[in-house]
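First subunit A sits with subunit B, and in the next complex the same chain sits with subunit C.
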Partner chain A sequence: MWTPASTWAAEALAVFVKEWRCEFRTRYALNTLGLFAFTTLVVVSVNLGPLGVSTAQGTAVLPVLLWLILLFSVAAGLPRTFVQEEESQTAVALRLAATPSALFCGKLLYSLTLVFALAALVTPVFAAMMNLTVESPGLLAGALAAGGYGLAAGSTLVAAIIAQARSKGTLFAVLSFPVLLPLLLLAVEVTRNAVLGDAAGVALPQLLLYDASVTIAGLMLFPAVWNP
Partner chain B sequence: MKNLLAWLLWLWISAVIVGAFYYAPLAMGFLGESSRILFFHVPMAWASFLGFIAAAVWSIRYLRSRNPAHDRAAAAAIELGLLFGVLATVTGAVWARIMWGAYWNWDPRQTSILISLLFYGAYLALRGAIDDQDTRGRLSAAYAILGIVVTPFLFWIVPRITYSLHPEPVINAEGKIEMESRMQHVLYASGLGFAALFFWMHDLACRVAALRERKPAP
Partner chain C sequence: MADGAGRQGYSPPVPTSRLVFQGVRRRFGRLSVLEGVSGEAAPGQVLLVTGPNGSGKSTLLRCLAGLLAPDAGSIEYREDDRPLDTAERRRRVGFVAPDLAFYGELTVRENLAFFARLRRVEPARGLALLDRVGLPAERMAGTLSSGMRQRLRWAWALLHRPRLLLLDEPFQNFDAPGESAVRGLLAEHLADGGMAVVANPSSLDFDHVDTRIDLGR
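Right, the complex of A and B next:
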């Protein structure tokens, strides 16, 4: 079905606004993501602490831990966006109201704001608690932006898939981790380069290529996933 | 006719086994007879990739046609791809024990095939979690296509992270093949045999799946 660009953008924006309105009613995702990230931060910090890790070990280990915290927080909170639609039986109305691609983009935008907010909160606290000095903060911001986008895009598509299956919670972890693994490897590599002050190298373009591939695959596959 | 083809396949693979041990010479720089695993290990990995690519093709066809036969074909291709993938991993580990002294050492090849197998294992978990036939077909087709988009990244990334001891891939970046010609004959014959074996097993698996769907489970 052909829709003018303005109505498409209005639909996507309406979905985005609706997501945040629902979110502020329950604060489910904010609470889960925030508390999960905080708990893991405390566990990591208590056990490794600024005195527990030498600088050489820190540059090897800390980027991995940062991305693990982000990944598991996302896995705890993001599947909710689609699971909630199926559980409260609002999915049918949503199918009638919005074109699939606009819906996907609206949901993706919502996930994106959530992941970026999480990364913006967690990373400075993590760096402060772990005594992590970052040589090139600009590259770190790039790694967080590109990696966070990939996390949001990959998990939005997988959340749409698992929302229609049984045992959704465990299934999300099983399905999304192999999809997000290449992203995590790349994001850790770029983050490590940022911490050491090295050049971004070939990992950053590959990370952007991953983001683009998952977005295009998501836009093409989502109509088949969403519409029965 | 089909019976005849199956017998021809049996003869072909028997000839490959004989050729691997009596016709092809040993490769230089390998311990003992260990280089002969090449004629089985490499075609198994090829058959595994063939399965995953075929599954993506059948998944695309399913999303276009919504024909349950295409969905069954995709699922059967992934099951067989996993089988050949596990066989390639195990034979590789046995060879690694002989050549490198350890069954598993996170060589880039081992890492990337393990993550690929993890992905397609998750595909089977997804299929198991959906009861409705049409929903199962749609969602698993989407996931299989996502796999073919995402997994190629592993083959770029992982070799950069750790150094590989794996012998130069047969299809390598320079596009040239450094192998004795008799070894090449056996390897390609074996690759052809394994591809035919894959499609024969796939045909059987599809027919079994179709029969199982027609007859309600007791």
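Right, the complex of A and C next:
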């Protein structure tokens, strides 16, 4: 006997599996995110390199650069999550068949795995190329997890909002700014604390609060944004 | 297992349903597309909506499906004498339209299996429908011809055994076997107590229509 919760979870899982199946066959987001991350990593390492930044400057600058690489890589690939559905006209079938909140969570789960995979690949390479020593690796993992979740949730929410609009690219940038700015400030602060070996302070709980807020806002707003 | 559910040929009684819409209006900016359209359909009936291109047939069907909100008027759809809200109606109807598309990166079977999971029906239902409409299950949806895409739309629309079918130019692009197959499915749907609202430029395609709305201007 299926309960409403299990059918909802099955729907979200079906969306997640469908997203990855389509992604593995087109590799649009994987190629976009990977190429952007690789290019920016090379540019940063060639210009700053391990010898180009002093240790004192590095702790201030490198966490910012790391999050900028993650942000712009995500911004290059994730807005397609919903736009693709509208452009290929599959959105009509989805609107008629899927529970909006389950659809949002399935898409969010897909974005999340993509962002986590990106962070897991980029961060060690970035640290090695920039000779960045992290005093508190556990806190860095926490910053990447909480910041990555916020990045995925915020991007998914904005992608849903812009999907039916004209000038999608411009609108994504305009809407992402207020949504993602607090996240980036907090994520950079927690990452800097991790590099220096300081305590997490209030930034990590604030980051988790941001994640919860964006998730709740997404679940509440998405049905209104998605349906007429 | 419910009593009798496993018996060969067993058909559960189909509860009654009814669609009634009154004074449906819809504008797009300054352009008024629908101006107070009314109609109704009951189990076993076909409501045919005719009119030239641009007369609002597709817009009316999208309003009935819950894909567009009408500016004025009411749409009431009941199943088991219980009125369904727009979200429930959207998920219950079967919809065939020219702009309905599927995932080109997935096979026909994978597309139907995905929507079967969303619709909470067994994937075997999708395979049975593919067999009925004569579509190869392992063909990539992106490589289907226009007639094959129309067959897939029919299989998708019937996947969750809807009582109300909303059909926008349902026989376009079919060859003779394809049209014969889906006409058979429509006849079974009506015989089982289902109903259909069909939008078509002319009434020539239909032998039997219970009610007709002409949106001709």
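Following the convention adopted for this analysis, the second predicted complex is superposed on the first by the 225 of 228 C-alpha atoms of A that agree within 3 Å, B and C clash if a C-alpha of one lies under 4 Å from a C-alpha of the other, contacts with A are read in each partner's own complex, and residues count from 1 in each chain.
In this text, a residue touches a chain if its C-beta (ideal position, glycine included) is under 8 Å from a C-beta of that chain, and two chains touch if they have at least 3 such contacts.
This one's a predicted model, so the numbers in the text were calculated from it and none came from an experiment.
Just to be sure I read the superposition right, which of the two partners does A:Leu157 touch: subunit B = first, subunit C = second, or both, or neither?
A:Leu157: touches subunit B, not subunit C.
Using the superposition on chain A described above, determine whether A:Gln57 touches subunit B (first), subunit C (second), both, or neither.
neither
After the superposition on A, what does A:Leu175 contact: first (subunit B), second (subunit C), both or neither?
first
Given the touch rule stated above, what does A:Thr133 touch, subunit B (first), subunit C (second), both, or neither?
neither
So in the superposed three-chain picture, is A:Asn31 touching just subunit B, just subunit C, both, or none of them (first/second/both/neither)?
Neither partner.
Figure out whether A:Pro228 sits in contact with subunit B (first) or subunit C (second), or with both, or with neither.
both
Touching A:Thr39, do we find subunit B (first), subunit C (second), both, or neither?
neither
Please indicate which partner A:Ser213 is in contact with in the superposed arrangement: first for subunit B, second for subunit C, both, or neither.
The answer is first: A:Ser213 touches subunit B but not subunit C.
Between subunit B (first) and subunit C (second), which, if any, makes contact with A:Gln89: first, second, both or neither?
In the superposition, A:Gln89 contacts subunit C only.
Once the complexes are superposed, what residues of subunit A are shared between the subunit B interface and the subunit C interface?
228
Would you mind writing out the residues of subunit A in touch with subunit C in their complex?
Subunit A residues touching subunit C: 2, 7, 10-11, 14-15, 17-18, 21-22, 25-26, 88-90, 92-99, 223, 227-228.
Report the residues of subunit B in contact with subunit A in the complex, numbered from low to high.
Counting only subunit B, the residues touching subunit A are 63, 115, 118-119, 122, 125-126, 129-131, 134-135, 138-139, 141-143, 145-147, 149-151, 153-154, 156-158, 160-161.
What does subunit C use to touch subunit A in their complex?
Its residues touching subunit A are 65-69, 86-87, 90-91, 93, 95, 97, 99-106, 110, 114-115, 117-120, 156.
For subunit A, which residues count as touching subunit B in their complex?
Per the touch definition, subunit A meets subunit B at residues 154, 157, 161-162, 164-167, 171, 174-175, 177-179, 181-182, 185-186, 189, 202-203, 206, 209-210, 213-214, 217, 221, 224-225, 228.
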